[in-house]
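Labels for the chains are A, B, C and D, by order of writing; each one numbers its residues from 1.
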Amino acid sequence: MTYADWFREDRLPHIYCVGCGNGTVINCTLSAVDQMGWEKEETVFVSGIGCSSRAPGYIVTDSLHTTHGRAIAFATGIKMANPDLRVIVFTGDGDLAAIGGNHFIHACRRNIDLTVVCMNNMIYGMTGGQGSPTTPPGALSTTTPYGSGEAAFDLCGLAAAAGANYVARYTSYHVKELTRAVRGGLENPGFSFIEALVQCPTNYGRRNKFRQVMDQIEYFKSHALLVQKADRMREEGKKIPDDMIIIGILARRNRPALGVRK
Amino acid sequence: MRTEIRFSGFGGQGIILAAVIVGRAAVMYDNKHAVQTQVYGPEARGGASMSAVIIDDEPVLFPKVTSPDIYVIMSQEGFEKYGVSVTEGAVMLLDSTLVHSRPACRYIEIPATREARESLGRDIVANIIMLGALVAATGVVSREAIEKAILDSVPRGTEELNLRAMKKGFELAEQVKHG
Amino acid sequence: MRLVIDERRCKGCNLCTLVCPYRIFRPGTTANRRGVIVPELDRPERCANCRLQRLYGRTLCGVCQMICPDQAISWEEEGACEPVKVAIEY
Amino acid sequence: MQGNTACAEGALAAGCRFFGGYPITPSTEVAEHMALKLPKTGGVFIQMEDEIASIAAVIGASWTGVRAMTATSGPGFSLMMENLGFAVITETPCVVVNIQRGGPSTGQPTMAAQGDMLQCRFGSHGDYSVIALSPASVQEMYDLTAEAFNLSDRFRVPVFVMADEIIGHMREKLVVPDTVPRQERKLLKKGDLPFRAGDDLVPGFPTFGKGYSVHVTGLTHDERGYPCATSPSVHEDLVNRLVDKVESARDAISSADIVNPDARVVFISYGAPSRAVQQVLHDTSRDDIGHLRLKLVWPFAESLLSRFPDAETFIVPELNLGQMAREIQRHTDRTVIPVPKLGGALHNPSDLAGLLEEVA
């Protein structure tokens, strides 16, 4: 079996725009799931609302496409009621960090055995490009026409501080690393959070100087800084530029977890 | 026959528990019907708390107390809030240690808190003394029933203390009756 | 093994042209029936996976397939060579 | 036993094995009792971060095949509305207990009301139909909660136990039956489309983890479960079926006590005010007074009104400004007199008796 066998062939091609990074993240996640050797019938995908949340509809397992922001709460019910199921949540930055922020931090606190993959495109894509809690300061969106004046959430820092067992960040450029990171999350008991920065050419890129699909990928490539290297730079007293994206496994621990398969 | 009993005191005296015990005695051991209700709310903590129980030979239809036949009042504030509106035909048992006013109906003074403190060494059982007195004075439930219901309801290890309190209540009411 | 781009799925983002270490993809020039300009292959036999997948029994590299957001890249078995009668004249 | 405790016991007897909740007066005792008892039955109690998460977790749990419930009150009920709509469109069985208190907003947390009767029927967006029960005694808190699970599994809709603070908090005698009737969820036949219904309009349930590979979405979906949100006919067919599966059964599932069907004046009540009406009928010497006590409030079975062929007047005491009276009015040309009551106290039987004298 390969990861391609996990797709609902009859629903492809999916609805994502040309060059959208979400499709890449689905590939990486399914590849990690496939590597785990899990059965389709023991695996459940859950999502909320937004571009990211359409992902489970293209996967041939049981899947629950729920309401905006609430995917983790629904997934909590599934996992607690049947810990034998492997539950993976697809979410986006708006879904997870704005309307669903409370569910996110409480799931981290409970350290419930879910793997949450967040496709962070730094914008509300499906509704046409409004600012989200991860829109970088200064970035343009339809609701921040003069540049975002708010600070952005560090989703990984939030997850780690709230108690998640496993936290990682990569981008849609880092396909091999992202696959390994998701796999690490699937292997680790407790709450695993993987943030995948993705390009949104339609609603983020073209407003923010990434004219071509490739431009944002090039940016991810050139601005990614492995966490180990960042730590070394800090030790050496070097300043890390604000626009660098710290990637890597940011937390891995084994605190007591809820809903772990017996 | 429908009998409505209203209990009032301050939070922590076991006002609600007292009503629950009487209801339990009636239903479980006297084969009658009963409904217990109470006033919920922040004012029930510290301020005047109130609970009520209705005992009937037939099923209790209307569950709320409208004009109590019997009052058990254990604090001055409870008297002022829930005891002043007594009707002439009612009877009131009051804890004479803590209630200074006297109602415009027949009343029985029971020094429950003083007795609880002095004879039994524990303030906390004043409500059980009042229950004993209530049963001895009015016969709303049988003595056997109230004893069993108290034993069902009190924390393990305090059964003997509570039974002594109940019997003290019987005695105090009888003294008033005969005195 | 032969690399194929599924024209029914490809939306023409050209990410494959960016990531392939052998540069076997290049942006296409003409739109297909769906109006998508699908990338073209440039000497795909240079792709390690095309040549060596059978030998190693697993996908090598495969970054183009993984990054393809539209699940349009895959490898398929090549048909066995047709025997061709060759007349050699002495 | 207290009403709220009896509710929890009824759920446990019905085989409820998942409770997700959030504390709110005056429903909290239901959650507390479930927290105490569920772990001993092998079930799961989880206190969620809010009511939105509570109903979400309940719906998620239900998809694994367990009987799941939550309990709440006014403000929490409002928060649940969006996800209740999700339960409706995804046809997820779940039981929601609402121990009603005075509103709007924080209102009267410790006082009784019946102000959420229309909200439970219409509170989420879009057209749909649900089932609501209304207990009038501690015994019914037990019996109707247990029955709610059967109705929910049978029709695959959220079923509401619309109690009130008076019934939830009062203590009276409860006779626990040896067993409660149990009607299991009909499972999907392997190979059938997951959202294609037969004559009963209720599709079989594709439990997660059993190899159905079902996609469940809150979007308008076709019979395969695939999103199909722009087709007018798919949406129309789906919503009509969701409504019809409940409404077409309203006579079959209706549940009410009927007293004196020959009466000229008939009280119609549900929940706590029923107790005041019962007292009036007990105390009166008149024999032309009837009583229709609804145990199942939604869907409202208007055929119940014709069980009183001689009735000239219906008197409807409610702890709100006439929410069900409005529904009754639209099904009859006879006089309907709402007796609204706000503030938390129950209708006094003597006041109702006085009204009776005025009416007839």
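The working rule: a contact is a pair of C-beta atoms (placed from the backbone, for glycine too) under 8 Å apart; a residue touches a chain by one contact, two chains touch by 3 or more.
Note that this is a predicted model, so its numbers are computed, not measured.
Taking the mean of the C-alpha atoms as each chain's centre, subunit C and subunit D sit 60 Å apart.
For this pair, subunit B with subunit D, the centres built from the Cα atoms lie 37 Å apart.
The distance from the centre of subunit B to the centre of subunit C, each centre being the mean of the chain's C-alpha atoms, comes to 89 Å.
Shared interface positions of subunit B, defined as residues touching 2 or more other chains, are absent. Shown here, the protein chains touch in a chain-like sequence that does not close on itself. Counting only pairs that meet the touch rule, the chains in contact are A-C, A-D, B-D. Against subunit B, the residues of subunit D that register as touching in their complex are 25-26, 109-111, 165-166, 169-173, 272, 275-276, 278-279, 282, 345-346, 348-350. Listing the residues of subunit C that touch subunit A in their complex gives 8-9, 11-15, 18-19, 59, 63, 65-72, 74.
Within the complex formed with subunit D, the residues of subunit B that make contact are 20, 23, 27, 33-42, 60-64, 66. Subunit A contributes residues 8, 11, 40-42, 44, 46, 54, 56-57, 60-67, 70, 73-82, 84-85, 102-103, 106 to its touches with subunit D in the complex. Per the touch definition, subunit D reaches subunit A in the complex via residues 17-18, 20, 44, 46, 48-50, 52-54, 56-66, 68, 82-83, 86, 90, 206, 208-219, 226-227.
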